[in-house]
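Supplied in structure tokens, the structure appears directly below.
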Amino acid sequence: MSKTTLTRRGVLKTGAVAGAGVALPTIFTASSAAAYTNEPTGSTVTLGFNVPQTGPYADEGADELRAYELAVEHLNGGGDGGMMNTFSSKALKGNGIMGKKVDFVTGDTQTKSDAARASAKSMIEKDGAVMITGGSSSGVAIAVQGLCQEAGVIFMAGLTHSNDTTGKDKKANGFRHFFNGYMSGAALAPVLQKMYGSDRVAYHLTADYTWGWTQEESIAAATEALGWQTVNKVRTPLAATDFSSYIAPVLNSGADVLVLNHYGGNMVNSLTNAVQFGLREKQVNGKNFEIVVPLYSRLMARGAGENVKGIFGSTNWHWSLTDEGSQAFVKSFGTKYGFPPSQAAHTVYCQTLLYADAAERAGTFNPCGIVEALEGFEFDGLGNGKTLYRAEDHQCFKDVLVVKGKDNPTSEFDLLEVVEVTPVGQVTYAPDHPMFAGGSLGSCNPGA
Amino acid sequence: MLGLNKKDMSLLLIVGALALLAPFILNPFPADSAMAQFNAGYPDLMQRFVIFGIFAIGFNILFGLTGYLSFGHAAFLGVGSYSAVWMFKLLSMNVVPAILLSVIVAGLFSLVIGFVSLRRSGIYFSILTLAFAQMSFNLAYSVLTPITNGETGLQLTLNDPRVLGVSQTADGSIPVTNLFGMEMRSTFEMDLGPWLFQFNTGYYLCAILMLLSFYLSVRIFRSPFGMMLRAVKSNQHRMNYTGLNTRPYTLAAFVISGMYAGLAGGLLASMDPLAGAERMQWTASGEVVLMTILGGAGTLLGPILGAGFIKYFENIFSKINDSVLHGWFGFMPDGLEDFIVTIVHPFVGKGWHLTLGLMFMAVVIFLPGGLIEGGQRIGKLFSRKSKKSDGGDAEHHPKQTPHVAE
Amino acid sequence: MDAILLQILNGLDKGSAYALIALGLTLIFGTLGVVNFAHGALFMIGSFCAVTLSKILTLSYEVVDETQKDFLGNPLKVKTPYVESWFGPEAGGAIIDWAVPLAILFAIPIMISIGFIMERGLIKHFYKRPHADQILVTFGLAIVLQEVIKYFYGANPIPTPAPDVFRGSFDFGVLLGFDPNAIIYPYWRLVYFGFAAVIIGAVFAFLQFTTFGMVVRAGMADRETVGLLGINIDKRFTIMFGIAAAVAGLAGVMYAPINSPNYHMGMDFLVLSFVVVVVGGMGSLPGAVLAGFMLGILESFASMNEVKSIIPGIDQIIIYLVAIIILLTRPRGLMGRKGVMED
Amino acid sequence: MGILEVKGVGKRFGGLQALGDVNLSVAENSVHAIIGPNGAGKSTLLNCLVGKLIPDTGSVMFDGQSVLGRKPHEINQMGISRVFQTPEIFGDLTVMENVMIPCFAKRDGAFELNAFSSVFGQADIVARAEQILEDVNMQDKRHMHSASLSRGDKRRLEMAMCLVQEPKLLLLDEPTAGMARADTNNTIDLLKQIKQERDITMAIIEHDMHVVFSLADRITVLAQGTPLVEDTPENIKGHPKVREAYLGETAH
């Protein structure tokens, strides 16, 4: 394996300036030279993969990176082509994008808005990336999306579940493939009703920051619409590691369902604590006490071990899906790395393909061209069935999975089983839905 | 000149030259060489170097002079950033009012926290400042979201009610920060052979303010006020019986360094109008402590070096991934190449924290006075050699006399 | 009433973790005068001793089962732990089930050795250095330790359950005449509380009633004088460092079932444990324990809905707020001595 | 009326009566020694004078003003400087800086943000510092790190730091404690010289009778927190009560 990574500028300049050393300085502003930020003029195009490599989400970030590398391999014609073969758009030919070899740079978001923006900026300013993608939290996604809008590059959001990403903080240069809090609620509520009945009293524990609030709002609204009551919504500090003092009062509150609006480490700990307290063996109001985790991540669910068994939640994608696209992806990912991909890996793989495809179809890397190609784009074959990138808010609409912690896992990856594939129609909402109100896309910014 | 003695003046000139020529100095490798990965001469990182340099210079005025170890200085940087972004949202995209407000707000904030915290000394003081900063962070992340926009961080939107200026530009985007029309993000690029150099307006604003801050800090170090603070650090007991009311002096140092932090926060927001709560977290406070100690607490130049060192690791080492490594070692036979990559792999990319931790330990163990001491030792080595060889090439080693204030 | 009792229980349990970590930190500070930022990392390593032992016990051989498929559609390799094949599924399963309590035995020698190596290899060179240097070097060490753990175990939490008999919770309410389910508390957390009490008691007894402990206490008070008596205090201090590391490690082992261990759990506890130590008063062992329980209980109360509805966000800041109030009213914390770490 | 008037001062620590009913008058331009066995309350008395402790009863008047309730730095500003038992100097700083600091402190003590003027630009203070170093014969050591001075030189430096403030009253807390005989004699000579050259009142707390009798104009003997006698050195020498108190103490 001998691959030389050149920066875009490097390639550009070696061609332009031969006989180095004696050339006079040519001074120019970026705007006079290029039509848009980081226009690739050489034989390669650079993408920026900005994922958490340190901090609590590092494993999720590592899985994203694996998927990115796989996507780049496929785009450049390597490997078995993965979902490129099942993708309904056939613009990509395995020769890079528009004949340019796809190159990439990586960075560490540290799951901090500041660090994520610094890393994205270095990709744009130093490495000449035309597209930034990745991330594992909504705060980071929104911060980097704002940056990409200002800098004039495309942002493909990666893992972000907050309504705000395509709600009040939506941006013209940003697209989200992941589902959101509203969709979780819309998909999950009917299943919960079916399983637990419509006469239920819910108690919410919510991570005390924006994502938690939007999910709490979404789930509460969806379940209340089906007849549930919400007895209490309690906010827990982000830094909390021990949730005992929040869980202990639950049994006494008259609630018979506990909804944990937590993600990552918070989710693992609050779920573990709740199960420890024996909540699931209790009877309240004559019913079995139940716990719900609206947003599941298989990687994180592993941290909770046996505690996830029988617990319902929703997820963007799961490797056990049997459609052609998912199978192709699992096969090429599994063959390369030896274990199945996570939903984060799937999301970012799809986004890389979708970006490449949009550029190919638009015939340019100009963000405005790509925005045009992606807006209202309908496709199939990337798992989750028929999918639409809606023009009004750049949210992706596709089937949502309702899953349950598996009772008898056959392997360490086999933790969740898909209970229901909620059809896209059921999770679609109007662009001006109040939970997504405020903010506007603005117009695409090509930078330069 | 400028009220400095010759030694300090030359130090200032060196720092000035380094700052102004940074786009060249930090990009020593041709843009297409494998070593280009180590180039740091792009606007964002250069801005961070000088901004965190300002932060560390200010912190050093407190810690280096008085010995009071604040573990909550990030809070001042944070409120500085928030004030600046609010100024952009409400008043104008010009950075001047934003920076002024951030310095003032940080000053007031540090006055309050300093007034309370300075009632205790030693580790009790450290924990008090830590407690205040952590409270600020936790509240900013959650309850104060209407002011701080919580997790996401405060950023500009398309419908900010800007009094002087427009909410959005003609083409529907958010206006950019500027200094009387000069856009902070505009960059001139210069090709020189295979090299590429970037000159960014925002960076030069930061660099000039850093030089000004540095100059002020030299003046403070050399002033009676600075000497009084050093005396407080050396022997507070004696100072009390020497007729000096130490509290207002330490408080003044605290507020000055808080204002430096506010300036740094305001500049961060001016370069990139976003203020995240993480800026106030204890890890951020810890970072400036590490910068200062790593560079050499109590020295003039040390904090700047420390800031550069840590930011360099964070931004450059974290971006080295396996394919970059394979690029570097591609000339080797395949087996050896893979072997070397496997060895280096844990220390770069996602392992940059590990390398940073090892560097901390190495510096503290082998260079108790921080990086500055390393510079001095090298300087001594050279001056000894050059004495033997009859001197002559002193100007080739301009760093040999980094001055230590003692 | 029941809600208050419940939160007191909670507080005692939280507090026991705080107290154990703070106790170790204070032992090191009190004896060696070293501010050890790597103490959280020791706690974390303790937790990972439990993880490691449970990994060792579940080391498995694989048998291909043609009837089942893995995720790629190939025949599934079914794993069976060696322990189960050696001792039979029953006994083997029980051994695996008891991995965490067994890890105590496993962790003690490991933690003591780590403590010795740390003290002899690194810390002892920093006795005479400024506290700032100690902070920097131990902080660097903490980063290195946690990155090493991350390299081998990944960043995600690793579930490490308690033995089956401790699952579920005990109903205090019924015992005290309240309604069922009014005051329930998980068995394992009760075990943790008891365990913490035993460790704290043992450390105090050791210092109070053994000659070794008396010498160390004398050394804490006045190192030079004890040295003049011809007693090799350094060696004893090394041993104390090992003991402190073991205390932190054991606190970590037993904590593993409460929250799945991850590589940065040490950092999460670091700041808090420093606050606890300082609130207790630098160098005071009883102060550390007292402050640990006190802050645990206050934190639990602050998270009650009734309290939060009066002061929103109080649970976010309670620990720091209490620390500020205590330090302003009691200059050296609850039980601190004069002149320690005040320069 | 002396420059320092102590009237009826008492101080208790819990159950221990550290000072009973102390009356003391130090005449201007005299050298007044306070002697007494260990635990007699000498240090407590001194701490009451400099503001470190506040007496429970009585009054302390300096130069016509009460010092009670004032902070140490305020009392210093009134004209009382203090020499400690072990020399308290600024070890991290040079000898020259050590003597300049008291000048600045005297001038800017309450708070003056002199952050932008250069230390060495202040000619008057530099001159005073140079002068005092000359007076104590330390000119050649002015650039030395004060921590690296010998103990005798540290004592000398500390006195210079006090004298440069031109105090009306110099309090000396066992200035020769732990010194070799030669150093002690040097210190005595230095103090004599100081006394000759300037108008200054000194109050010395001392253990060493040799020092006391070489310097003092008047002596107060303290025992168990109360003054036993106050008289001239000649009269004290033969005083039976003093002998008793001292022999009792020195015997054990």
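Order of writing sets the chain letters: A, B, C and D. Residues in each chain are counted from 1.
Keep this in mind: a residue touches a chain if its C-beta (ideal position, glycine included) is under 8 Å from a C-beta of that chain, and two chains touch if they have at least 3 such contacts.
Everything numeric in this text was worked out from a predicted model, so none of it was measured.
Among the chains, the centre nearest to the mean of all shown protein C-alpha atoms is found for B.
Centre-to-centre spacing of subunit A and subunit B amounts to 33 Å, using the average Cα coordinate of each chain.
In terms of their C-alpha centroids, the spacing between subunit A and subunit D amounts to 74 Å.
Computed from the mean C-alpha positions, the centre of subunit B lies at a distance of 46 Å from the centre of subunit D. Distance between subunit B and subunit C, defined via averaged C-alpha coordinates, is recorded as 35 Å.
In subunit B, the residues that touch at least two other chains are 138, 141-143, 353.
Residues of subunit A in contact with at least two other chains: 58, 62, 208, 235, 237, 239.
With touch defined as above, subunit D holds no residue shared between interfaces to two or more other chains. Under the contact rule defined at the top, the touching pairs of chains are A-B, A-C, B-C, B-D.
Residue ranges on subunit C touching subunit A, taken from their complex, read 2-3, 6-7, 9-11, 13-14, 17, 68, 70-72, 76, 78, 150, 154-161, 167-169, 181-182, 184-186, 188-189, 257-260, 262, 264-265, 268-269, 299-300, 303-305, 308, 313, 315-316.
Those residues of subunit B whose C-beta lies close enough to touch subunit D in the complex are 3-5, 216, 219-220, 222-228, 230-231, 233-235, 237-246, 248-249, 252, 256, 406. Interface residues of subunit A facing subunit B in the complex, by the touch rule stated above, are 1-7, 9-11, 13-14, 16-17, 20-23, 25-30, 53-54, 58, 61-62, 65, 69, 104-108, 112-115, 117-119, 121-122, 125-126, 137-139, 142-143, 146-147, 149-150, 164, 169, 172, 208-211, 235, 237-239, 439-440, 442-443, 445.
By the touch criterion stated above, subunit B contacts subunit A in their complex at residues 30-34, 36, 39, 42-45, 48, 138, 141-143, 145, 149-153, 155-159, 168, 171-174, 176, 185-194, 196, 198, 272, 274, 276, 278-279, 314-315, 318-319, 321, 323-324, 326-327, 330, 334, 337-338, 349-350, 352-353. Partner subunit C is touched in their complex by these residues of subunit A: 55-60, 62, 208, 232, 234-237, 239, 241-242, 244-246, 248-249, 251-252, 265, 268-269, 272-273, 276-278, 281-282, 284, 299-300, 302-307, 319-320, 330-331, 334-335, 339-340, 410-411, 413-414.
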